[in-house]
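The data blocks that follow each hold one structure.
Look for chain A in each of the two complexes below; its partner is chain B in the first and chain C in the second.
Presenting the complex of A and B:
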């Protein structure tokens, strides 16, 4: 760690991991409710568990992105953070607002929460992923603006690197597109149309820039490959991401009442969205193969390579699986979507945040380069447990999805939704069991921070 | 010595070739989808193809071929260490790019004034999206060529080091190549 103010990131990462644990617990509750309908009812109804599961994901990833930016930007810009106090202040505001929102979901009925937070003054609630009370949304905007100001000023006063600029572009996009959360037209088609500007243009657009920038930073640090080489790849990858991702939004417009040409645009452009992810995989492995040194933080390199592969599989391949309009006609909103969502979020965004934590946390905790061998070995166990169980969760959901599509929509005698849900229960059970394995992996991950604290740092073996 | 011999392969930066491949793949997908869809709506496509201005498209084809030729001359000029001539040839190529954009804009103007849009029918949907997508690539190619031209004028390239010129030229030829497929496919073939 070169600059004292980079330490701000530590708080953000701790909060991120804490909320990650919460997200997984609610995922398990919900997974159980798929097969035992009244599990924990009426304390935690399914819709609330789902809301908490997805909202926690978004919030902890935002914590992770902000932490990553606070760590990475000063080091790239070669200057202290513009206003560390602002970063601390915003951390507590964001955490308290986030916690209050989740408690609101859990403690009072959603309608009461809407009433309490005066949703009728500026109605924005009630839409999937954007369930937050309007006042929380305003809080998110304030936090995002202060954050961008802090990061932007740091970049302005320091060295301008491609990594920083791409990251700033991504983060600005994140803030700008979130503003569409406030646009809530009464026309349902228009509402859905712009709702995707937040949801899609985040994960299939600007977030990919954030992913690319963080990955580039980690690769520069751990491989010692020339910055110029990595930057060139970054340019091409973000160009392809934006070209395919922006018009690729069309794959959400097939059946919502938008003009028909979106079926063509959505199919063609989103079919190419795997390309930048594939490039990212090729580039990550290339850079590691061309490395000029062996970095002793093997866990961080593992996460970095892991994210490149899993993002390609989850976002790229599983996205392609159901992106073409004629296919999506049958698969829309089935468990295929859930399968894709799980692996894509894990591969592209969970893993990149964990990669950044893995790289930077030892440095912020006073290590020279990395954790002890014991700690790293446990972290790598957690990597494999979480990653493999996520692969199986995805496969089981895909199985469930294919069966669901067939029984409910494709066969000669289509069955009712709930009848089909009963028929595919076996897959849900398997998914739930695998979810517990994921939780074990996550527990090991948390424990790895406390293991081997007094052992010496791991070193690079002389044999390559 | 033959000036071609001392040059590495592929010309320009390797990364631009990855980009070019991705672009060609994108257009390739678009063209195949066009072909398959046309096969199902031959009559519709044939009818509305007649409303396109083939002469304008022919002028544009010549404009792009000429500009590609100018770019070739620019590369060969810089290989002989002549920055000034390289700059002039690039200006010529850019001018032909402007011609292309102007002619294409007139075509669009004609169609739009007749109320044609993406929703009119499947043929126009393809015509508009394919050509606009290509139109945007011409603009991007011109931006790249302008950057190269400015650097050439400032003496930024030499006979030894002119990767940038080759990189820009490679991209421009791709833009030209795509039109060479697009023109017969959309305007001529029946």
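Presenting the complex of A and C:
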């Protein structure tokens, strides 16, 4: 670790991992509720478990992105962080606000939470993924702006690299598009229209810039390939991301009451959205194939390559499966969407945050380059367990989705939603079992931080 | 495994062959012809690097294209493609989904790895069909 202030990231990463564990536990609860309807009812109703599962995902990824930025930016800018104290302060504010919000979801009915937080003054609650009380949303904006100020000032006073600037662009976009969470028109079409400006333009727009920047940083550090080569790839990838991703928003506008031309625009541009992910995979493998040195942190390289492949499969291929308007006419809002969501989030964002943690955590804990061979071995086991189980979760949900589409929307005698849910219960059981395997993988991941602490670092020879 | 200092001979050809293979997955048939021309002209090349990136994509592309036709044939026999107005129907949509899941996915990943190896100037064996090299 070159700069003392990079250590700020450690706190963010610990919080991220803690919340990740929480997210998976609530995922398992919800998975059980799919097949045992009254499981943990009324303590944790399905809608609350779902809200906690998705909100924790967003919050822990934000913690991960912030941690990644606090580690990456000083090193790229070759200077200490502008205000480490501000980063610590914002960490605690964000953590307390996040924890209070989750407790609010769990302890009081949602309508009461809305009343308690005076949602009527500026109503923003009640929309999927943006369920947070308005006061929490204001907190997120304050944290995001302080974070951007800190990162921006650091870049301003130090070296400006492509990686830093792409990351800053992504993070700025993240903050700007979140502001649409405050726009809550009464017209339902308008509401959904701008709601996607937060949700879609985050995950299929600016977050991809963050992903690209973090991946570039890890590849520069672990492969020793010239920065210029990696930066050229990054330019093309982010250009393709924005070209396809922005108008690709149209694939959400097919059936919400938006003009019909979106069926063409959305289909064409979103069909091209796999291209930047495809390029990212080619680029990551190319850089590793052309590496000038074997980095002893094998686990970090594995996570980085895994991100490239899984993001392409989850976001690219599974997105393409149901993005064309004639296909989406049948598949909209079915388990096929859930299959895509799971693999895309895991592949693109979970794995890149874990890659960054894997690369930077040993350095922040005083290692020269990497953890011990034993620790890395366990971490790589966790990689395979989590990744393979996520592939199976996706396949089972896809199977459930295809059957759901047929029984509910296409067969000669279409069945009711709940009747169909019973018919596809086998897939839900299989998904739940695979979910437990994922949890085992995650547990191993956490344990890997405590294994082989006193062993020597893995060497290149050992890691070959 | 260090990357070679100089690009191997016919690296462009190897990259083109792998790219055509992947293109054939998305838009079957036409790229296969171009791939066939490359295969018949270079299949006996003395370089393992060239052969690995010419023979394997050709075999894999033949299999994937055959599966493409098979899936669509089944869709046609099941009542699809009866008229031009019927091109976008549940039969063609299911065929598209099945082709994406069962063909594009398993054939794309090895192609992707092969393409990156070709770009890095390295030979590579596809799973299963690598034995035909």
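In this text, the second predicted complex is superposed on the first by the 461 of 464 C-alpha atoms of A that agree within 3 Å, B and C clash if a C-alpha of one lies under 4 Å from a C-alpha of the other, contacts with A are read in each partner's own complex, and residues count from 1 in each chain.
The rule is short, and it goes like this: contacts are C-beta pairs under 8 Å (C-beta built on N, C-alpha and C of every residue); 3 or more make two chains touch, one makes a residue touch a chain.
Just so you know, these numbers come straight off a predicted model, no measurement behind them.
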Clash or fit, chain B versus chain C on superposed chain A: fit
Partner chain(s) touched by A:398 [first = chain B, second = chain C, both, neither]: second
Partner chain in contact with A:223 - chain B first, chain C second, else both or neither: neither
Chain A-centred angle between chain C and chain B, computed on Cα centres after superposition, in steps of 10 °: 50
Touching partner for A:286 - first (chain B), second (chain C), both, neither: second
Contacts of A:317 with chain B and chain C, given as first, second, both or neither: second
First (chain B), second (chain C), both or neither touched by A:307: neither
Chain B versus chain C as contact partner of A:358, first or second or both or neither: neither
Contacts of A:421 with chain B and chain C, given as first, second, both or neither: neither
Which of chain B and chain C A:134 touches, first, second, both or neither: neither
First (chain B), second (chain C), both or neither touched by A:271: first
CA minimum distance (chain B, chain C), superposed complexes, angstrom: 8
Shared contact residues on chain A - chain B and chain C: none
Contacting residues of chain A [partner chain C, same complex]: 278, 281-282, 285-286, 289-292, 309, 312-313, 317, 320-321, 326-327, 330, 398, 402, 410
Residues of chain C that touch chain A when the two form their complex: 2-3, 88, 90, 93, 96-97, 100-101, 104-105, 108-109, 112-113, 115-117, 119-120, 122
Chain A-facing residues of chain B, complex: 13, 15, 18-19, 22, 25-26, 29-30, 33, 118-119, 125-126, 129
In the complex with chain B, residue positions of chain A that touch it: 232-233, 235-236, 239-240, 243-244, 259-261, 264-265, 267-268, 271-272, 275, 279
